[in-house]
Amino acid sequence: MDPILILQAVVSGVLASGLYALVSVGLALAIGVIGIVNFAHGEFFMIGAFLTYQLFVSFGVDPVLSLLFVAPALFLLGAVLYRTTIQYVLEAPELNQMLLTFGIGIVLQNLALLIWGGDPVSISGIAYRSVGFRIGGISVGLVSLVSFAISIVLVGSLYLALSRSRTGRAMRAVAQNRIGASLVGLEVNRVYLVAFALSALLAGIGGVMIAVIQSPTPTIGLAFTLKAFSIVVLAGLGNIRGILAASLVVALAESLVATLVPNGGTLSNAVFFAIIFLALVWRSRRTA
Amino acid sequence: MSPNVRNRLRDLIPVLLFAVALWFLPDLLRSWSGRASVSYLSLVTNGLGLAVLALSWDILARTGQLSLAHAAFYGAGAYVTAILARLEVGPLWLGIPAAGAFAVLLALGLGVVTLRLKGIYFAIATLAFTEVLRSAVRQLPTSFAGGSAGMNVAPLFRPAFDPETMERWEIAFLRNEGYFLLYAGLLLLTIGLSLWTRRSRLRPAFTAVRTNEEVAGVMGVHPARMKLLAFALSSLSVGMLGAIHAHRVGSVIPEGAFAVSTTVFALVTPIFGGLYTTLGPILGAGVLAGIEETLKRNLADGYLIGYGLVLVLSILFMPRGIVGMVRGIARRRRAARAGVTSEGGEA
Amino acid sequence: MTADANAVLEIRSLAKRFGGLAAVDDLSFHVRPGEIFAIIGPNGAGKTTTLNLLSGLLIPTAGRIHLSGREIQHLPSFERTHLGLGRAFQVVQPFPEMTVRENVQVGALFGTPGIDRAEGDRRTDAALERTGLTRIAGQSAEELTLLQEKRLEIARALATDPTVLMLDEVMAGLRPGEARQAVELVRDVRESGVTIVFIEHVMPVVRDLADRVLVMDHGRFLAEGSYTEVTADPAVIEAYLGRDDDGTGDEDPDRDDREDPR
């Protein structure tokens, strides 16, 4: 086992964990504040990626710039979805919420498939895409590094905003006690709207980054939804620091398997889901 | 006539009529539409398959277990029969009951392990299970299970062509008819299972477990046993469906056998038709299979969008499905006619 | 605390810890057959936790529970029910989409193993009769008044043919006239040979019904005896007075979080 290889895998894993954390934190916001199990969360991520791609291909917009467009676009999408559908199932049984968001996810995913087809798309021809550093024997891509940095900054900012800002405090109040919060005058529905739109925005930003790092297909939405859920579940609800840790664990596992196990690339997905499955089962046994 | 016997007849008669209708349908189609009947028959068969998917998912949902692993049992059934066919272990049709049995074992295993999981956690665990299973099958030795390219499956029906009495298309028809009858048989079996869970003491037990497992336990219901029973009943049909479908299509491939769309169909249909009923999933299947053809023709690759929209609109406007909506209207009419509300005095 | 050989229900050194918090600690008491036994105490005393431990919703950290001489603390809920321990819940949860009759049928058919349809019907009818629900037996369980719901809860539990029936704050939310009917019902059930263990906050009801009273505080045994005896006990009085403003902090182990719909 080449130690350089392992170290490379670790570094790649750490860098990838930022993105996972970003997407998961958005989902945690939706589940924690609103109480909605959003099965379509990963689709916001996917839409962010494909908007970036399309902007690049049609108008030559650099992905970095498209952040300025994608972020508000996804915020708007989240808000619209909330107003038109989500807010009506908040009081409904969990089954209904799951199914509603599942349906929304199916619609979004297949719309994307219809528009862009099932093949991977890639943004090629951007100079900084191939820029990297070499430290020791380890290579680190500039894009990966920057994505990681942006993700951490965003997650950190969210954490701070939730604890310090007025809206953040409102969200936490609403998360803990909806009735009490509304009695005190907080407009609960508005808080929910912002939280949901924000979760979409965060996922969308992640999407911008994945468009540059990899070659996404419209089906990555579902995969990321599952991954985000798993991380949130692993971390425990309301635990942002836990999400960072869980993202790290999962990303490292994937990276190590992909690098060290022969044929690991195809297996890494299965490994991920196996970890989730085992983690869920193990957890359920513990709380007896 | 005691109420129990009356209930049994009330169920049995429509089912018998349905069975008779199914029996005569192929010949009727052939005399009506001639050559076109080949594709019509195929269409109806798809509808029957969808009904089996829907009914079996509904049975499991009655215990509150919202499974996203339906595709796992479907795919497992498909592969069992494919592998048995390749190994030439016995007659081809043996693969079907074997597929059912294997699916049940698989379901019991999954069920036991996920007993303490609820709601979204259960759903995700079952979905993760399906993904792992698909990857695992892909990794199996190619000589055994075909790897990621899949493998061929021998057809069940090879009608002989007699140029004196038949036209060419009649071979295809006879083949389709064979599968149609198999699907019909499986559907009748599944209807039987569904009715059993509705008419026997399983109904209060399942509903109790679904409503609140702890309260159910205090009432004396054995929640684990009920949940596992539901899993077994549900997977039996799906496994066999997967197997029959594999023969019908002639091949199995991991992406197809374990496709998420199977699970999607399995859950959208009963929700649209009406959960926790027997008529609901069948009705839903009929309508959706019909719509699907139209959708497929007009939207081609994007027809799943239609399914998604149906799901979304159902949840928003028809959360109790068609059957629930009809019942609600009937109930309100009755109440209006009676003129009084149900506010009784103290008992 | 001497053990009573004739006790139908005996609890010895029962304890339940959640992390560092002891919701129930070293609790011992016994219940005699045919008596009406009340458990009272200030908020957070651990009463509902005790009931949960008895009915199997929680597994004790320590201690033993004997039902008719048999150890049951490690048995799952349904087995305890089969052995004769019934329970009516505080927050009533009727099974939806089923009639009143069907709801009671669950208890009748499954409360004891090996009940066939005919016997189940008999028990269902009997339970409905006892709780005065026969008239609305065909009504949907989703459209009941509070008193009707409570009757249903008791009927369901009765249908399981219990030796000991546990009631959790049955009187909560009832108007005086309704409460009187509920008290009559409880007396009636006892007359038929069922032992009653109940948690209650409404003191007049405890005074009227209870043969013996157990007072809990902070998860521990505080006092036991007749109603007059315990209410005269200075320790009991202090426990109640000192808890006027319920300074127990945010975690209330007495509150059954599982019943919380959210």
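Going by the order they are written in, the chains are A, B and C; count residues from 1 in each one.
Keep in mind that, in the parts below, a residue touches a chain if its C-beta (ideal position, glycine included) is under 8 Å from a C-beta of that chain, and two chains touch if they have at least 3 such contacts.
The structure presented is a predicted model; accordingly, all values stated were derived computationally and were not measured.
Q: Steps needed, at minimum, to get from chain A to chain B via touching chains?
A: The fewest touching-chain steps linking chain A to chain B number 1.
Q: Which chain is most remote from chain A in terms of Cα centres?
A: C
Q: CA centre of chain A versus CA centre of chain B: separation in Å?
A: Roughly 33 Å separates the two chain centres.
Q: Would you mind pulling out the distance in Å between where the CA atoms of chain B average out and where those of chain C do?
A: 43
Q: Approximately how many whole Å separate the CA-defined centres of chain A and chain C?
A: Inter-chain centre distance comes to 47 Å.
Q: Going through chain C residue by residue, note those that touch at least 2 other chains and give them in order.
A: Residue numbers touching two or more other chains: none in chain C.
Q: Counting only residues that touch at least two other chains, what does the list for chain A look like?
A: Counting only residues that touch two or more other chains, chain A contributes 288.
Q: Could you pull out which chain B residues touch chain A in their complex?
A: Within the complex, chain B contacts chain A at residues 66, 113-117, 119-121, 123-125, 127-129, 131-132, 134-136, 138-139, 260, 264, 267-268, 271, 299, 301-302, 304-305, 307-312, 315-316, 319.
Q: Which of the residues in chain A come into contact with chain B in the complex?
A: Checking each residue of chain A against chain B gives 37, 85, 88-89, 92, 94-96, 98-100, 102-111, 113-114, 222, 226, 229-230, 233, 263, 266-267, 269-270, 273-274, 276-277, 280-281, 284-285, 287-288.
Q: If you look only at chain B, which of its residues touch chain C in the complex?
A: 4, 201, 204-205, 207-208, 211-212, 214-223, 276, 342-344, 346-347
Q: Show which residues of chain C lie in contact with chain B when the two form their complex.
A: Within the complex, chain C contacts chain B at residues 55-57, 76-78, 81-82, 86-87, 89, 93, 95-98, 102-103, 105-107, 109-112, 117, 120, 131-136, 139-140, 143, 145, 147-148, 151, 156-157, 160, 178, 181, 258.
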